[in-house]
Amino acid sequence: MTCAVTGSSPMPTHPDFPFRPDHVAAEALAAAEAGASIIHVHVRDRETGDPSQALEDYREVVGLIRAKNNEVILNVTTGRAAPGCRGMKTRRLRSRHTDVHGRTAAGTYSRPAARHVHARHLYDAAMGRVAINLDPMITKMGHMIQDAGVLPEIECFEAGDFVFADDLMAKGAIPKHVPFTFVLGTKYGLPATSEAMLYARNQIPRGARFTGFGVSRHSMPMAAQSMLLGGNIRVGFEDTIYLRRGQMAANNADMVRWAVEMVDRMGGDIASAGETRAMLGLKQ
Amino acid sequence: MTCAVTGSSPMPTHPDFPFRPDHVAAEALAAAEAGASIIHVHVRDRETGDPSQALEDYREVVGLIRAKNNEVILNVTTGRAAPGCRGMKTRRLRSRHTDVHGRTAAGTYSRPAARHVHARHLYDAAMGRVAINLDPMITKMGHMIQDAGVLPEIECFEAGDFVFADDLMAKGAIPKHVPFTFVLGTKYGLPATSEAMLYARNQIPRGARFTGFGVSRHSMPMAAQSMLLGGNIRVGFEDTIYLRRGQMAANNADMVRWAVEMVDRMGGDIASAGETRAMLGLKQ
Amino acid sequence: MTCAVTGSSPMPTHPDFPFRPDHVAAEALAAAEAGASIIHVHVRDRETGDPSQALEDYREVVGLIRAKNNEVILNVTTGRAAPGCRGMKTRRLRSRHTDVHGRTAAGTYSRPAARHVHARHLYDAAMGRVAINLDPMITKMGHMIQDAGVLPEIECFEAGDFVFADDLMAKGAIPKHVPFTFVLGTKYGLPATSEAMLYARNQIPRGARFTGFGVSRHSMPMAAQSMLLGGNIRVGFEDTIYLRRGQMAANNADMVRWAVEMVDRMGGDIASAGETRAMLGLKQ
Amino acid sequence: MTCAVTGSSPMPTHPDFPFRPDHVAAEALAAAEAGASIIHVHVRDRETGDPSQALEDYREVVGLIRAKNNEVILNVTTGRAAPGCRGMKTRRLRSRHTDVHGRTAAGTYSRPAARHVHARHLYDAAMGRVAINLDPMITKMGHMIQDAGVLPEIECFEAGDFVFADDLMAKGAIPKHVPFTFVLGTKYGLPATSEAMLYARNQIPRGARFTGFGVSRHSMPMAAQSMLLGGNIRVGFEDTIYLRRGQMAANNADMVRWAVEMVDRMGGDIASAGETRAMLGLKQ
């Protein structure tokens, strides 16, 4: 189970939404304690809560986590290149090359065990903009990630992303046996339905690991669906702050425990960090 | 949620498996109390526990339930015609006509709100025999059930059963808007997979109600899958006595509560008997 | 069957690719003669062959067709708003409002019987740009089209487009019973596979008409797949100039005849313009 | 492409339906000439046309074919054990063992390159009986076939057959890399729809070869669907005598040519016998 503790979207109204590095790290540690074997790491500006790509912020969060937990897997995002997104804009216009190095450098610090590559663009209805991850940039990132000895993960939002991922594998930009993530329920990507997740699972290489998850109210249902399809689970404040309609989670660990109980009722079990490392082919 | 409290298969080893009419009725009442809005009723011989088709046994069980609960919906099985199944054999060889009347009569007593029709045959690996429900018999039963003012339910085990159900609807043997049940994981019918249940759901008329369930260890996972596909749920001792691997349920109510908790974690809610009657178009 | 005679992509190398209005019209007439009941109309600059949105060009092509054929249905594209696409750029930057009126006006001339709305954006690998059709613009176009008494058609490239179409229907921007078109095999949208087309068909309202087609070498296979799924067919030079590998079509009528033969071998028949009008609910 | 020249069902009304061994062989040779690389062989009584399991009849047909064609692959059926089917009844009641040897012996003569195993039972609506192929018999046949150096082929009619095939593979009764055949449109098995064939294809091991075909009017459409799903094709008088509605085929070669033309229009090609042997892993 992955817990995505803060994300990079505008922060929802919640008494305790984590954005300061120390708070994000504390949430990560508590989530790991509650059962999460992977933490999906985004960082935010410690004053404003805006998404941050600053290397120092990543350095701090990762350091605080590792100081107390050496087991949990850190899945650090390469983020999205979003025109208009404060803090990113100047890099984007200056030079793609800079941007790739900027984003990847932020991710390579402290050698997280897994790295997160967005396969495609996303139409972000909440923000009214289009976030682009274009082919050459992704290919470059893919090679840099592999050279740095981290495991890339391919995040797909749409049907075409799987075709794109196949092309990337053919070009050697990503190895053939990487885990996938399906993001369902975004506006306007693959919907959060059983049929869409089954379609997605049928597009990836046979035997490939995947995590299917849904945004907002689709979080728990899609976690259940992913498990039923043989996939892994992701929950966390990045996706929703609600356990279910009308019932807000106190924190990420609360969300993780809720999901652990759901999986247990469904007859499943959550893998430990060690078991997860084995599943993903990461060294212990 | 339907609770199938005892079924007609050989009884598993369990400290408290219900077969005496008073026990079956008590289990039904407790299951209803725990949240089940429909009870799927089979009866057994009060001495041996063998499946019974005796009208008196049904009369007793239904009477005991109704004495204390007038709300819960009773879904009484028409059972299977199984050559070699003790108690049924002579009727089967004598005359199909008798068999139809015998089975349906057992079901019409006390006008249960829903009736259960097996659409097809089932290869019963545990018993080493083939149970047959042939077309003319089912058509006849279908008409008798409708004439008696009960709502038939079509139980499908295999892909071809949906084609068969379509033919029955075309012949007027069953009305167009009947609920369906998908039985998954039997040997050898549709497997207990997401793909099979999605396939099944895509075969029924748009908007038709359905309950997808899995036998034995597939019970809770398939209950979750059915909910995710917009269907209803069935659990109970007829399908399994285990909540999950290594964890036996004390009784049917225990199983129902477990499933209620699972549904809650998934963000769903269980309909009351009244809401269920509305959903199925049964009079209150 | 729809024949899309010229499209708006860069023209392939072909001895006789139609771009002059008289040639485009002649191709349309010949395609109709060969069996196409719908002509998908794009126009090009008579000198350069570049895509044109000029009202006069549409006026000429449509006029030439109608002068000899009053039966065939004309499906006129609203085109794509493409930054960097010559002829469109200035309108786009000036004002969205102008753009909508410009594009729709081009389409309303001569009251074609059907209008074509691109539901989403398209990543155009050949051109290296992203073509955007954003929500407010489409909604506006949708209303204008309906007010003008033409039947809109929703063209979907990706899974998310179906969710978007549902939202448009909820807003009344498009009526509930419009025909759909699935464009498969583009980079990077839904792939040209049976599974993707089945997925697409399962997303549209029950009973809705659809045309599934594939670009380039996927043209004939996807035409066959659409027919097998209960859909309609589209072929034409807009999609490919090849009948099959190594066998170039002389002209659009050649392509249409080839497809007619394929459908015949599969046991199907092509509807006449009159039958098509009935199917789509267009007045005769 | 497989051509199934005569089958074992009651013969339809046709001026030239083959049943005499010399005629069956002639049809097979002509079909191979027209493009079929595999002939699916059933034999019939030379007087009555009833299905025959007589070794001598197989011997004659196969001999006549091989006398003129050493290339085409012969796919000899193990047939079905049908209570009530004349000519089979006595063997069935005497001893399962005899039946297995009887049927397999009929198939092993002249070492055909492929053997056909019915995975399951079939409800034969036309004949009003249930044909049974039970597990122990199939397992035994499977072993005998492999020991005789022939390639078994698994014929599936229903969803559960795939689960059954998996079990057989686990028991070593059939090797893991055998070709499959999906029979669609029978009463009451998997329907002749794109969705059912896609479901079927998704159940077999990744990379396994398969032939999907449809009975009667579903023959050409399902041949097209199989091709689109990456499968092989089967046509022939065993399945239908019609090319399309109202258009009867003169003979099997006629049917094969029609299918070859359909495949060509779809952009495909038919493999030669040599290419087919390579595909199936048969020695040249």
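So that you can tell them apart, the chains are marked A, B, C and D in the order they are listed, and the count of residues begins at 1 in each.
Just so we're on the same page, a contact is a pair of C-beta atoms (placed from the backbone, for glycine too) under 8 Å apart; a residue touches a chain by one contact, two chains touch by 3 or more.
What you see is a predicted model; the values in this text were computed from it and never measured.
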Chains touching both chain B and chain D, listed by label: none
Touching chain A and also chain C, the following chains: none
Copies chain A and chain B touch via same or different residues, half shared test: same
Chain separated most widely from chain B, comparing mean CA positions: C
Interchain centroid distance [CA atoms averaged], chain A/chain B, Å: 42
Euclidean distance of C-alpha centroids - chain A vs chain D, Å: 50
Touching two or more other chains - residues of chain C: 195, 202
Topology of the chain contact graph, where touching chains are joined (line, ring, star, complete, other): ring
Pairs of chains satisfying the touch condition: A-B, A-C, B-D, C-D
Chain A residues touching chain B - in the complex, by the definition given at the top: 194-195, 198, 217, 220-221, 224-225, 228-229, 244-245, 258-259, 261-262, 264-267
In the complex, chain D residues that touch chain B: 120-121, 123, 130, 132, 157-164, 186-191, 195-196, 199, 202
